[in-house]
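Shared chain: chain A. Partners: chain B in the first complex, chain C in the second.
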Partner chain A sequence: MLELKNVSVSIKNKVLLENISMKIKKGEIHFLMGPNGSGKSSLAMAIAGKKEYLLKGEVILENEKINNLPPDERARKGLFIGFQNPVEIPGVNYETFLNKISKKPVEKTILKIIKNRSLNEGFSGGEKKKLEIAQMTLLNPKIAILDEPDSGLDVDSIKKISTIISKQSKNTGFLIITHYDKLLKFLKPDFTHVIINGKIKTGGYELAKKIQEKGFKGFD
Partner chain B sequence: MFDSPFHYKYTREDKIKISKQRLIQTTKLSQTKKTLKTTDKIIKLQKKLKQKKFLVEKPGEVNLNLIGGAVTYFVEASGFNTVFKMKTLNASSLIEINCTKKSSVNINQQFSGFSSVNFNVEKNAELELNIQLKSKQQALLNITGVNKGVLKIFISNLAAGSHSDVLFNVENHGFASVSLKSVVFKTLSVKGVDNLKGSGVGETTIKTLLLNASSNVNILPSASIQNSSQYYSHSASVEKINDEQLFYLQTRTLKKKEAEKIIWQSFLKKSEIK
Partner chain C sequence: MKIQELQNEYDFKTKSKPVLKLKGLNKENIEKISKAKNEPDWMKRLRLQAFKIFKSKPLPKWSVANLKELNFNSFDYYLKPEDQPSITWSEVPKEIKKTFEKLGIPQAERNVLGGVVAQYESESVYNNLRKELSEKGVIFVDTDTAVQKYPELIKKYFMKCVPINDSKFSALHASVWSGGAFIYVPENTSVKLPLQSYFRMNTEREGQFEHTIIIADKGSKVHFIEGCSAPKYTTASLHSAVVEIYVKENASVRYTTVQNWSKNVYNLNTKRAIVEKNGFMEWVGGSIGSKVSMLYPASVLVGENAKASHLTITLASKNTVKEGGAKVIHNAPNTSSKIISKSISVGGEAAYRGIVRINKGAKNAFSSVRCDSLVIGNNSKAETFPHIEVFEKDSTVSHEAKIGKIRDDELFYLQTRGLNEKEATSLAVLGFLDSVMKEIPLEYALELNKLVELEIQGM
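Up next, the complex of A and B:
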């Protein structure tokens, strides 16, 4: 389980988010929504331990406070971040990289896509997103935070990753950042969190549906 | 122990792994003096050294791991598409390389003292030097030779202590390229001279990656152009470790040091190098 207790996030003395609290349990799917620039990705990066972000409050993973640990230790304890724009690392063979980090053999369908390619280099936006999901299944995390896994994907691909996420949720709790409603067609969130003006409002599936119909108006 | 066609008596210090290929070794001191264009310091050092010559005659791949004291190596690759991979772990060594036709020579060397590489890269041939400077005091590498093909130099300056120097002096005979890539842990100085002779297009690229905040690099390249019909281009750049890449790898469970190693290895291997 991942628990955020009164988390505030700031960057260069500018406060982005205040008093964010939530609990994500194994098997649960949470949506994190909000308009552009509301701080959704900043929250994900701060939880992952990116050094530019100053995080106050507590991030607790499986009863252990992790917010003072380096990013790699957080990852080894079972936290996964799916990036919105995965960085390209030319020269690093994708297959070698996956074999290094993976707990299980890499599937042949993935090997076919990444054969003789460098890590994230030259892939389309959609391919990168699908490969992030593939990395997630290989790492089999306790908690996965996916930053806009649906952007850049066609309808069939969204359906496909939704199926993978549903299947993986047996072992994993999900926090999925999205500001599109496409995912809602295929995934039903147990909880929906909306960030507006640095503050959070939490509800269930109905909240996501309401946003889908009316947008973010009325949340201020 | 070795069922090989070598005409060479192995010494205890040598650990040699050979695959597929036939090598001929001779030890003529006179050859050493003729071919090395080196300073007095090297010649004095040379007298104490053993000399070994390896001639690659057929296509294929040769792997040699040589571990010993101060040794002089001669490598001559003249076969079609021959790849000669040599790994030396000497404190100091002199390496003489002759790449002809379409041969390709790959030298991996780790050293912590003084080393000199003298080469001749013919047109369409390729020489790749992978060098790790590991000295805590000072490591000095002197690269001198004639280049008509492709010369790639990769330097990993991993010395946690002080200073490493690289000097290169290349006689560039047109349509040749020299690229030097280095990763720098502490301090590295590179002084290079391209002497352009004949007509054609010469190109020199120097790229450096700094591994930490206290890394320091001095690059002083220069070119001497002796023919008015010659084209020459030169570029040099210094980069830092990319924090975004480091963070990405760390979120994939890799420790910071492992992630840094992957980044600098990828910097050295990147396909953009010519």
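Up next, the complex of A and C:
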């Protein structure tokens, strides 16, 4: 379980988010929504431990406070972040990288795609996103925060990753940042969080449906 | 990975007593070296003449490395190991055999090499060439043997590509040189498997001055690999080799060297090739170990259409200064050269220093230079000193230099996958080297991989 207790996030003395609290349990799928620039990705990066974000409050993973640990230790304790823009690292062989991070053998279908390629370099946006999901399944995390896993993906691919996420949710709690209603067709969130003006509002599946129909009007 | 284990792999000392040991740099010792080798009089005179030149020359001042700490009298200039070159591996003295077996010889020879010369301290201890190559007239012996057996070739080629008065170190080398490899490949002969030399220094305060000559006659082809290593001592040792390569018409030579000297070694070499019409000279160099390295292989393109390719990979770890680069002189039309330098500083200082000169008359000459430097941590330094001298209008020269760091977002991404900062850094560094790694023989590429990880873990 991942618990955020009164989390606030700031960058260079500018407060982006305040008083965010939530609990994500194994088997649950949470959506995180909000207008552009509302701080959704910042929250994901701050939870992951990116240096430039100052996080106050507590991030608790399986009864342990993790917000003072370096990013790699958070990851080893079972936190996964799916990047909105996966970073390209030239020359780093994708397969070598996967073998380094994965405890399981890498599936042949994945190997075929990444053969002789560098980490994220030269892949299309959609391919990169699908590979983030592939990395997630290899790491089998306790909590996965996915930042717009659906952007850049065609409908068939969204359906595919939704199936993978549903299956993975047996072992994993999900926080999925999304803008689009496409994902809603295939995944039913247990909870929906909306960030507006730095504050959070939480509801169920109905909240996500409402935003899909009416947008963010009426939330501020 | 067990770091200590890795370090120990290269750092072993062998207990073998030299039968002759000459400490200090003076006329008497030079005469003794010559006498111990039973050299012809002309070689002795050449040594003494070179010693005079050495004394008259100042230390080079242009390097970023500080050479003032070098005390020339503190070194052993000649260490003769127990035995003369053996023809069979079983005849190599036990202690020395142990050393080379730890370095993977002759296992490597059995698998992938055409011939081996192994040098221990000042003298070659093992020399072998595949029968089919010697039958074709290929010569591959240690250079001392060549002085005895092929004096005419030595007289014609010894210190001719690198003149004795080239620098203080070439003069020093000529006066005290010992060992090295001598290769002659006859016309239109292609040596398919690489020939390899291993140089091992085992004694504290040692000087090693091997002399290597490669003559690739018209239309021939050869690949030579040189590996160097030494155990760790706290006091300085000096390695000052000379490599002279003659690439005749239509011939091609590839010279690969990976030095992994320990961090007490001054590695100051002079390597040069003269490339004739349609000839191709390829230098591949990895400079990993040593305290100070100054290494700028040179290609002099004297014939039309001659080509040179230089690849240098440098790793400057803590408390080390590595100056690497290339020198190419275009002296004929349609000559071309390509220089690629990749340097990484992990707590040390890495500098690229290079010269490209296009002389008048070298019409349609082409040269491209690319230097990529990667700086890791806050105490690392990288510099680039490219010199380009063009005296022929009808020519093309390009130079590209980049000094960079591993980006924070790259490290962060890798860290979110569970790799710690050092693991993430090594992975990104190896990524930086990836495009040139395939140019290095596999066993050295693996060694370079391990050493990069080792240096970064030790930061």
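The definition used in the following text is that the second predicted complex is superposed on the first by the 220 of 220 C-alpha atoms of A that agree within 3 Å, B and C clash if a C-alpha of one lies under 4 Å from a C-alpha of the other, contacts with A are read in each partner's own complex, and residues count from 1 in each chain.
Basically, contacts are C-beta pairs under 8 Å (C-beta built on N, C-alpha and C of every residue); 3 or more make two chains touch, one makes a residue touch a chain.
This one's a predicted model, so the numbers in the text were calculated from it and none came from an experiment.
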Practice item. Based on the superposed arrangement around chain A, label chain B with chain C as either clash or fit. Key: clash
Review point. Can A:Q135 be said to touch chain B (first), chain C (second), both, or neither?
Key: both
Check your understanding: Touch check for A:D156: first (chain B), second (chain C), both, or neither?
Key -> neither
Exercise for review: Considering only touches as defined above, state whether A:E64 meets chain B (first), chain C (second), both or neither.
Suggested key: neither
Practice item. Could you say whether A:E213 touches chain B, chain C, both of them, or neither, answering first, second, both or neither? Key: neither
Check your understanding: Where on chain A do the contacts with chain B and the contacts with chain C coincide?
Key -> 48-51, 70-72, 74-76, 80-81, 83, 86-87, 89-92, 97, 100-101, 118, 135, 139
Check your understanding: Which bits of chain C are touching chain A when the two form their complex?
Key -> 408-410, 412-421, 423-424, 427-428, 430-435
Review point. Where on chain B does chain A make contact in their complex?
Key: 242-245, 247-256, 259, 262-263, 265-272
Practice item. Would you pull the chain A residues touching chain C in the complex into a rising list? Key: 48-51, 70-76, 80-81, 83, 86-87, 89-93, 96-97, 100-101, 118-119, 135, 139
**Study point:** For the chain A and chain B complex, residues of the former touching the latter
**Key:** 48-51, 70-72, 74-76, 80-81, 83, 86-87, 89-92, 97, 100-101, 118, 135, 139
